[in-house]
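In the two assemblies presented below, subunit A is common to both, partnered first by subunit B and then by subunit C.
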Partner chain A sequence: MASTALKRLMTEYKELTLNAPEGITAGPISEDSFFEWEALIAGPEGTPYEGGIFPALLRFPTDYPLSPPTMKFTCEMFHPNVYPDGLVCISILHPPGDDPNMYESSSERWSPVQSVEKILLSVVSMLAEPNDESGANIEACKIWRTDREGFNKIVKDNVKKTLGL
Partner chain B sequence: MVRLVVYGAVSTFLAFLVVAAAFRQRSNFYAACIYLSKSSACMMILMNMGFFLMIIFGQILQHIFFGRLRALEIEHLYERAWYAVTETCLAMTIFRDEFDTKFFVTFTTLLFLKIFHWLCQDRVEYMEQLRVVRFSFHLRMVALMEILCTMDFILVLYAVGITMEKGPNMMIMFAFEYAILAATILSTFCKYVLNIIELRREEPWQNKSLYVFYLELVTDFFKLITYLIFFASILKSYGLPLHIIRDVYVTLRSFLQKCGDLVRYRRATRNMNERYPNATVEELERLSDRTCIICREEMIAVVDVVANVAEAPQGDAARAAQHRTPQQPPNNGSGDTPKKLPCGHIFHFHCLRSWLERQQSCPTCRRPVLEAPPTQQPPQQAARPGPVPLGANFPQGYFANPMPGFMVFPPPAMQPNTDNQSDSTAASHTSTNIEERMTNDIPGLIPLFPTLHGRYSTGPPNLGNGNPPPTLDHLSEEQIRLLETETREALSERIRILHNVDGQIYNAISVLTQTLSALPPAPPPIPSNQRGNQTQTDPAPSKKSKKVGQGAARCLTRRMLLSLIYTSNIPQKI
Partner chain C sequence: MSFLLKEDTQPMTDPSDWPPHPEYRQLDLLFRCSVCFEFFQTPMMAKCGHVFCANCINACIIRDPGCPLCRTTCSLDDLRKDIVLQDIVNQYIMIRPELLKIVTEYSMLKNANKSEMVHPVELGKSITIAEASNSPLSPPTSLTVSTSLPPSISSESSPEVEYLFTVFRDVAPPLENKAVLSTSTHHQTHHQTPQEGLSTIGSKAEMIKRHAEYVNLYNANVDATNPKSHRELLSDMRIWETAQRNNKKRNTNSSVQHHLNKYQDQFNELISKARQNLGQIQSLSSSVSTTYSSRNDYSQSSSLSALGSRQFSNQPQIGTSLRERIYNLSKIINGQKQSVVASSSLSPQEQSFLSLSASSSSPPRSTNNMKSQPGSRVSTPQYHGNVAASPRGPNNRMASSASSSSPIK
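And then the complex of A and B:
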């Protein structure tokens, strides 16, 4: 017996290993469970995140792809759309229907059309262009808006930390 | 772990100290006990010790029943424990008069049991992710659920007994809490059974999610009832139970939402086989990517349908297909049958159904599945409102893409017909019907492309019986869908017609442009000018009136143009 979720995750994994987009790798953490993945995201060029490699944990629900996975950075991540505990807050990771934040239209939310690859690409573009209107990390939002230099400095320090420099 | 050890060491040390001091000061055991229970500081330390012992006991139990906890379980545990504790703090405000050691102990027990209920829930859910479930897992889970269930029932009976005996007191709260816990554990057990059934089955179990849904609905209903009774009883004997408002609200909302979901889901899936047509081979071939986006597996058209489509061009076969298609038995393979939504997107039958459980909209384009009754219109056409009415002369589906030319010069007089058009997109109206209405709406309107009718009716092979554009009245949904199929002949015929129309429109546009250039310039808006001259001091209103005047002039030229179009013999020129 293999559930739809498992089959689909395997397919996605295969596709990701065959032709992975630049700057992104992802795969299950262990052979036992396909429902927890680790992803590595390279900071996009031209942003303060450039040069960093950011590990994140993707957790898939058993009814994937009907429900979205959650994504959590396991390193320090200073970004307006990432909660201080590392949880990524982007609209495509929110289940459709009940809107917890009351401002996203359902068209930008999760649907089975999305995939791990698309999520990771969205996260890369989120790193490049934070959305300070729906901040998850209020402090980061504030600094990003008012003091871009300071923001860049904090991020660059974090990058160095994640690289162990 | 280190923190726990330190905490344990400190607690043990303090407790030992207190007890030793008591026995040193008092002569006998009895006096020492009295001393310990009278001093609140001593009681605090002893209770702290009890708390620590409980944690240790809990950890032992956890190792017995769960082994190592997963990160997710720990996260959930903290999250839920946080809510539980804050809510109990609110509860304490109600029962502040009865706040004593007993309350504290009972509450700790409740929290202790709750934690195991949560863990049990999470673990049963985790079962679905495991590929191989060991025997020890089953043994642990069954034993745990049995113990928890028994405990819940005993405690409910105990709490109810005390309440009956002494009248309403804080035990009411515990009675209800345990009742809810019992409901939770029972539903967890049902889920466990469902999971086992799924594990035993060879092929994926499509209906499982439905059963889970019903199970959750029943559980929610029970919880809601319990909460409401509790709410009422507390309200009666104590006052507003603040701590439970959130729970009642959340349960109520989730219940109502589930009911709504159920209704919509039932509506969307009631007759999925008839409501959503099977995708044909041609439709699948047209897709660049033939995987179903939900399960990412390839979709293969059902052969039975292929036969129907092949016959469809020969006139009556379409009607025959009508009788065949709905009767297509929901055979074993029907789960993998590609189904087409009204918007044209195609998914596996079972993938689509499981998605419709969550959302009654297309996963790809999010168009609601339910709002509009299924039409045979491709999405691009429906998405573009307005200037398509020219196409209304023809049976629908022949203009898969409205030409950009239509947009350039929309004939204004036909605008009243846009509502007809939207009607026709919503529910397949007959083409002649629309034509009649058009001519009725605008007196003197000559159908713009009269020559086309003859050519048209002979052309498309789908219609094949040589009559003028047929009404779609007598055709069933199924047949209309078959008409829409993309055979080679149909396609080439369509392209030819479009070329024709293209030429005609260009002619019409050039004629109109000529007429426009021949028109005299708009008559000067006299009243506004006069007023503007008279009232120099107030320029703002004059500006405004000038604008109005210009608008009127534009209107005038437009109307003149229209009358020109409809009275002249442009169509014949074409």
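And then the complex of A and C:
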């Protein structure tokens, strides 16, 4: 499978460099390993994440695209759907067979026809619209639900931190 | 990067090789499997109609038994080879380099001319790119959209269809997915029974024919990408009805009576010609058979003809009793066949000789023939010969000469 995974990742990389959607950049960290990518996601406008640039690490399994990659923010990310360690928890990254929370419809989940680009776009929309029903960061969930102002402030502070301000 | 490509058999290609016109890239994309992003290798079609490389879909289904694109349940047994697509892809791969070259050159040429005038294509391009940045169009998305919409019909109408007519086709299995999708492409038509609004005029046979035609239209429509509405189908049926009517009219026009009337003159001409020909044959055959008749009891028959040849009308008929005439007629029927055979096998010279000899001779009385009908008068000339003995072959000549001599004895 390694060959298929590699070829696909290279094709995706080429496509992303040529036609990258706005606010998204991604590519292999080094040419030695195509199975580890770094992605940069710009915080969507009109959200507390606006203005931030969030780096993340994408790790691809050798049987990619049959199995989904994992995505982990390498910066501090306060979000209901991101674990405190930075691991992103969205349905598109979950294979259909494995649904610990029993809330995702299988159509939203990983399928070999998904791509890096789609994952990143899903993450952008996740930033804009957190799903508090599938909390990964319980603390963030609570605050997002009960104290939106407080949530926004924490996020904005984080954005400043990531930008080194 | 090249070391990573060792396992490749083909040079890596991808849609971005094409000039930045969405049409070309989209086309290139359509020849590719949405799992591996490469050209289809042994394309296999899933139950839902989506196609993948055999290798890809097998690997996917083992992990998760469903179509990777639409999640329709699909097992390994449901996969079918798409042989046409295989050929298409192979052909495309073959012509791709040249096509790419041509298109790239053309695109460069156009760019060079760009300053002179604004091309609509260029405008279109910029628009699409702008759209792409808003809602990026990556291969699988576009495929999903285009392929999962169509089969909305039957899932909605299937209970009614089943109830009414099993002949009406239902779209192939996975209904759950399609039922969900169908809400978005709502067709009011399918609340109606499928054949509602069909004409009911005509005989039973016509109605059966109409129904068959409609079932055909309906079933073809079930799988169409953009299914027609019930109204459109009925309109199609009306066109068909009109065509049928016209056809029928044409058929009645070309009925036998019409044909007869139209070609009356030609028919008459042909008939009169045929009569003349028949008359000639009759006269000929009579002379032949009369020449040879007496020994074989064909004497009476030869010159008689129901159609009244000229020869016959010259023959004395007076005093023949009814019984005799019937007897003669029966002989005619038998003798006719023989005499025709005889005459046809003779050369023209012989025939003319025979007819000459026949007409020149006077009708003598038959002795052995008339014994069966005492008191009757001989109505036809009796000639002695042996036609039947040897109608063809070398003996023919002998026979004819013999017969020609006999009447003049």
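By our rule, the second predicted complex is superposed on the first by the 163 of 165 C-alpha atoms of A that agree within 3 Å, B and C clash if a C-alpha of one lies under 4 Å from a C-alpha of the other, contacts with A are read in each partner's own complex, and residues count from 1 in each chain.
As a working rule, contacts are C-beta pairs under 8 Å (C-beta built on N, C-alpha and C of every residue); 3 or more make two chains touch, one makes a residue touch a chain.
This one's a predicted model, so the numbers in the text were calculated from it and none came from an experiment.
Subunit B and subunit C, once both complexes are superposed via subunit A, clash.
Of the two partner chains placed around the shared chain by superposition, subunit B is the only one that A:Phe35 touches, whereas subunit C remains out of contact. Once the two complexes are overlaid on the shared chain, A:Asn152 sits clear of subunit B and of subunit C alike. Looking at the shared chain after the overlay, A:Glu22 reaches subunit C, while subunit B stays out of its contact range.
Once the two complexes are laid over each other on the shared chain, residue contacts for A:Thr47 go to neither subunit B nor subunit C. Of the two partner chains, subunit C is the only one that A:Lys118 touches; subunit B does not reach it. After overlaying the two complexes on the shared chain, residue contacts for A:Arg59 are found with subunit B alone; subunit C is out of touch.
Once the two complexes are overlaid on the shared chain, A:Glu12 sits against subunit B and subunit C alike. Of the two partner chains placed by superposition, subunit B and subunit C are both touched by A:Pro96.
Among the options 9-17, 99-107, 153-161 or 387-395, the segment of subunit C that ends up inside subunit B in the superposed model is 153-161.
When the two complexes are superposed on chain A, the residues of subunit A that touch both subunit B and subunit C are 1-4, 6-8, 11-12, 34, 63, 65-66, 95-97, 106-107, 111-113, 115. Across the complex, subunit B meets subunit A through its residues 72, 125, 128-131, 198-199, 201-204, 209, 257, 293-297, 351, 354-355, 357-359, 361, 363-364, 366.
Contact residues of subunit A toward subunit C in the complex are 1-4, 6-8, 10-12, 14-15, 18-19, 21-22, 31, 34, 63, 65-66, 95-97, 106-107, 111-115, 117-118, 121.
Those residues of subunit A lying in contact with subunit B across their complex are 1-8, 11-12, 32-35, 59, 62-63, 65-67, 95-98, 106-107, 111-113, 115. Subunit C contributes residues 1, 4, 7-8, 12, 14-16, 34-38, 55-56, 59-60, 63-64, 66, 68-69, 71, 132-134, 136, 138-141, 143-144 to its touches with subunit A in the complex.
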